[in-house]
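In what follows, chain A forms one complex with chain B and a second complex with chain C.
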Partner chain A sequence: MNALMEHNASEAGAAGFLHRFEGLRERLPGQGLPWLASLRARAAEAFRAQGFPTRKVEAWRYTDLAPLTQAGFGEPLTPVDGALVLPRSAAPKRLVFVDGRFREDLSDEGSPARSLARHLPEAEGLLGSIARIDDLPLVALNTALFEDGALIDLGEGVDGGVVEILSVTSAGRPVAAHPRHLVRLAAGARLVLIERAWSAEQDPAEGEGRYLHSPVWEFVVGEDAHVTHARLQQEGRAGLHLATTFARVKASGTYDSFLLHAGARLSRSEAHVTLAGPRAAAHLNGAQLLGDGQHGDCTTFLDHAAPDCPSRQTVKTVLAGKSRGVFQGKIHVHQVAQRTDGYQMNQALLLSDQAEIDSKPQLEIYADDVKCSHGATVGELDESQLFYLRARGIPEGVARSMLIEAFLLEAVEGVADEAARAALAEVVAGSWERLA
Partner chain B sequence: MLKIEGLRAEVEGKEILKGIDLEVPAGEIHAIMGPNGSGKSTLSYVLAGREGYEITGGAVSFHGQDLLAMEPEERAAAGLFLAFQYPVELPGVGNANFLRTALNAIRRSKGEPELDAMQFLKVARARMKALSMPEDMLKRGVNVGFSGGEKKRNEVLQMALLNPGMAILDETDSGLDIDALKIVADGVNAMRGPAFSSLVITHYQRLLDYIVPDKVHVLMGGRIVQTGGPELAHQLEASGYGSVQAA
Partner chain C sequence: MPAVTETIDAVQSVTQGAYKYGFETEIDMEFAPKGLNEDIVRFISAKKEEPAWLLEWRLKAFALWKTMVEPTWPAVKYPPIDYQDAYYYAAPVKKAGPKSLDEVDPELLRTYEKLGIPLKEQAILAGVEGAGDTPAEGGRMPIAVDAVFDSVSVATSYKDRLAKEGIIFCAISEAVREHPELVRQYLGSVVPQGDNFFAALNSAVFTDGSFVYIPKGVKCPMELSTYFRINAKSTGQFERTLIIADERASVSYLEGCTAPMRDENQLHAAVVELVALDDASIKYSTVQNWYPGDENGKGGIYNFVTKRGACRGARSKISWTQVETGSAITWKYPSCLLLGEDSVGEFYSVAITNNWQQADTGTKMFHIGPRTRSTIISKGISAGQGQNTYRGLVKISPKATGARNFTQCDSLLIGDQCGAHTVPYIENRCITAKVEHEATTSRIAEDQLFYCRQRGLSQEDAVGLIVNGFCREVLKELPMEFAVEAQKLLQISLEGSVG
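For the complex of A and B:
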């Protein structure tokens, strides 16, 4: 196994990952489940056929995966047992994964969230039910290689409370983790989920600390069920974070999400949300805080596939140093989706003239009775606001921080759940000072 | 306390201040009057340290220090305060947080202990009451959605909290109703004393009935063209700036 690992770690690009699949396929969880074995095989084939996306693919025009394809990544290592310093939990219950593997010793008993690997038979019909592998190679790769993840399956009317899912990368070696998380809410169920991606090595030395964390989430939201999904990406500064979330919301249900990109060298979070029943609602808010050398990409695809559905999206990006931000937001309003009420706003704050933001809103509307608005702004810190604060004795650095925080918090305020909002505000507050 | 000598300043290549000479000794209140566009706000911005003004000549000393060499926050810490003609809105920055951050920054620079949230609230509430300001203005964004008069009162509240040695009030009376004008004037008069000076920029004699100045200066075309006692304000009110130009 050691030899295999060394071999894989040195092989770059898609071939390395395919080799890894071949080496691991007899040992991946779910060996006794034919449906899963065939799903994994199909997924590996889909990945082989597509390879990693290049910038020639329209959806990847602004994000270059060279840091992933030009370096080798090994399989997840079972971390050294014992002390790992973890960030404080934002929820009463927490599930912890280290390098993609469940750590029972660090997790809370009795949480509505369980280890997927230990309950794989229950995932039949759910795993892969909304995630697409044929046109999304990263999702295919995840499906082929996942070892574990969270499984949350709430029955009718059940309130799952607030749960944190923490994914830690030990980052001692260039590991690659592809956790798979499944969430299903039956009619009337509720859940607040705080997802935190974190590395034990936040600020590694130059040239060190490289790793890949590429989770896939599937949310199946029943009628009148409500889920909050707060994603806190606090990866180490050399980490690669490539996440894909799928959500399908039935009538009167809500998928209320907030994405925060604070860490990682390269991060892309892609969300595919379908409003499948009347009055289903989605919030796809987010904030990106990008400092020197960071690339952050927030890409969303929102399908209005039923009438009377509202959707709200506010994404704010702060860019400092030599950084690059991407926002791509596509809203597809199907012909049946009459009386759609869509709102999309993305705003960028450039703190340096070496920073760059690419913003691509895209509305495709096939229904005739629709209210859809979108807007985008790019600006710098307002000189008169800065002067006003400084004229009151507030030092320039603090004044800049206050204005950056104010810019970001407007997006955070849209998060309805208090615990999730507080967790977000805390990370935001801890991050903007680095940029100011 | 404040001594301006031959001050010249340009904005975007255009000379606005063309050699200002003005001295405000400790304990005195001076008024500046002058037509629109004569350079009054420019002077106040230059004194407070706003970027975008090129100082092409002259000097300003404040408590014997070279004011023009200081950053805006250093000037504030040294006791200079500018009540803006057009207070700036700060969406997303809570007024209470703003006021406390400012107050603590000033206190820190004086070596005084910072106030925690509770201590601050106590002080702020007392000041607001004196200015007849509703308490919910603490919760709102700084000046966001404030009426013109409320913004001016918020400026005076900041002055009262920060307790500066030198306050420049740029048309703080504009937009105030009659009662508010009196409240604001009372606020300034309450600060009067041997260690407090003020430059009161105004278009109206009325304010100077409440805040009686030691001197009145007329600023025209970027220069102080006339200086007199409080009676000069009355004279201007009666005959306008035409008479000054003739003089």
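For the complex of A and C:
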């Protein structure tokens, strides 16, 4: 990429992003590929038609994008080439992106994950195959502007092992990154994917460190293929994290995801999962740990489009300080999806009288032979549990912390892959210690 | 329909898929011209001999309505409504008070009869002089009835007995004349004119409805009941109900509704406001049996209703119970504003959609005062091509310390062409509040059906039995006569859905 590009901090909102697209389009990767050039043009048009969603849109009722639309963002002026302090790798193989661009020097060789920008012709028919641009403006924007991302394409029966995709935002500039990641598993393939979003500046000074990280993921999961998608959102406290994930799971395949929201000023992770073949399964678990000034939004749309599919979801939110947590989870059971078994649970703990939790579980069911349930609870710690621990000589502060950690870890229990589960438990516990 | 045991036999005798109340009464009616404009609003107000403030209030509502758009967010589908193609005022022509039942318009009496109103109340409703002075037959607990025919309250029974306790139970138009200070103080105080599209429409053109005031410390000695009926063709019904329970007062109020069978759709946009002061309690029960349309989805009532109660006083309580079996489309969310400390809100609902019926119903509980509590039990049953949505909100403000909510929404699906949806919203800003929500969706279990069939029950009776069991938690909240009737209604509503 050309190093020196104009940065339009003056132009805010949708117009600013569209202006950037016009300025950049000739230099975006894959512009020589007609299918991609036309896809980007259509996406830009779709974004122009929709603009950023406002709170009048039902799916955005609880999350206000004002911090995004009122400020200007630009692409990096100069890619950061120097050494970066990176978090310890959670997997034997790691791919590193800095400000949305691939960093070969920091990435492990021989990983099944490659740079999308360098292998774009292979993405034809995959990129945009399940991501929707016509009603999801952030996805349209990503499609128009993405510069790179990971491409993982596993053949039949291949075990991809454990791979980490690390997205780092360098400090000090209001950068906007829209990486696009594609994952395809042929029949019987396996993969454990750890996605980490991180900033070199975790706790910037007041009014600084603002950036946007808006990735889009597409997972095409083949028959009897299994993917674990562990997502650790550990952005800097001034960052904006707006992620959208699409997954389409064929017969007997599994999409097993876990989402952690720990960082960022505003984060929203939206997942659209379709169970497209019989006995396909989805787990959409998550934990949100929100401190003062943070807003976390976990929104999921789960489509049961085939019979005999199970789905499980447990999302826990802990809110401290002046924070706001959102959970929206919709399960849509199509008429063909007989014998669906859906379970959804979301629970929130409020630790402060300035925190707010908004929860909207939703069932939309058109098949009659189904078993679907959801539950939601909001409240304080259970006094009797606290008493039990204190009666055994555990100081109150420690007892509270133990109970909250246990509350959060329940969401990790659902992760099928043992190694991923252990790693997640460690990160979740660490994040809680940091918040407490 | 009023809650009387006489109706049960009649209900039982209906044939498959029939709607018992689908008759039209040919009585002399007076209409205002079709259409909706400021002149119609003025006409209605003049017809009712209303004071200037109320006309102003209506005109303000009409002005607001013109600026509003019809909501599209409910999960219901219907062709656009032409608000200019309906009568906004239709009233039975009033004759001088009859001396006995023989002098009453026989058509009106036949209507009462078909509705199962017992003779005693028939006489009272028809305005037979002296009919309200003797106690009801058979020592049965009397029920005071206010009948609203199309838009106009035709009669209220047992008024004198209630008056002895200081209770006011009359048509709202009468209350405007007799008790203007009470009406002025409370009308629109719970559902303001501009609350929503249909409430604004109602505020502009409401023609009648019931008014209840229970004075301090009085426990209403009988069930109060309103019976609504849409009769004339091309009319909308816009009744307005206002119930006030003063300090330490309590009242149980029943509401029933029917309409003739027509192949056009008719609009029913009512507003109900409840106010409970310190230590007062109001129980409001509805059995809604408007004409649901035929088995092909033709005709039926659009039931777009705004119902809301304000628990203004400490320790006050408002309880909504509804059994929604009728209407082509039901769109209503009986709600509670829990303002007073320790106030309680309850919502018990059964909604059935069969054939092409659609229902988007639920409740909103606003916890504002400390230690407020609410319970929501909702049972949705879908059959045929029916679409049934529970939509609810539990909102807890920062001051509602120790607030508590429990919500349970269960859906039952009968057949593979119907839909059941659950859309609860939980918004909590209070650290000490506790909110619990549970929802399930399933179909009738094969083993339960098998168990019943094995004991000789027909498939239809077995389904009826299981559905009644499914709804038991709600039905037990209804006053007894109503509960019996509601069970029959459930069974009738589901006829033709299994087989």
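The rule we apply is simple: the second predicted complex is superposed on the first by the 413 of 436 C-alpha atoms of A that agree within 3 Å, B and C clash if a C-alpha of one lies under 4 Å from a C-alpha of the other, contacts with A are read in each partner's own complex, and residues count from 1 in each chain.
We adopt the following convention: a residue touches a chain if its C-beta (ideal position, glycine included) is under 8 Å from a C-beta of that chain, and two chains touch if they have at least 3 such contacts.
This is a predicted model, so every value here is computed, not measured.
After overlaying the two complexes on the shared chain, residue contacts for A:187 are found with neither chain B nor chain C. By the touch criterion stated above, A:335 is placed in contact with chain C alone, chain B being left untouched. For chain A, the partner touching the most residues, choosing from chain B and chain C, is C.
With both structures placed on the common chain, the touch criterion links A:407 to chain B but leaves chain C unconnected. By the touch criterion defined above, A:384 reaches chain B but does not reach chain C.
In the superposition on chain A, A:394 makes contact with chain B only, while chain C stays out of contact range. Taken together, the two structures place no residue of chain A in contact with chain B in one case and with chain C in the other. Listed in rising order, the residues of chain A touching chain C in the complex are 58, 335, 338, 348, 350-380. Chain C makes touch with chain A in their complex at residues 73, 398, 411, 413-443.
Of all residues in chain B, those touching chain A in their complex are 48-52, 71-73, 75-77, 81-82, 84, 87-88, 90-93, 97-98, 101-102, 105-106, 109, 141, 158, 162. In the complex of the two chains, the chain A residues touching chain B come out as 383-385, 387-396, 398-399, 402-403, 405-407, 409-410.
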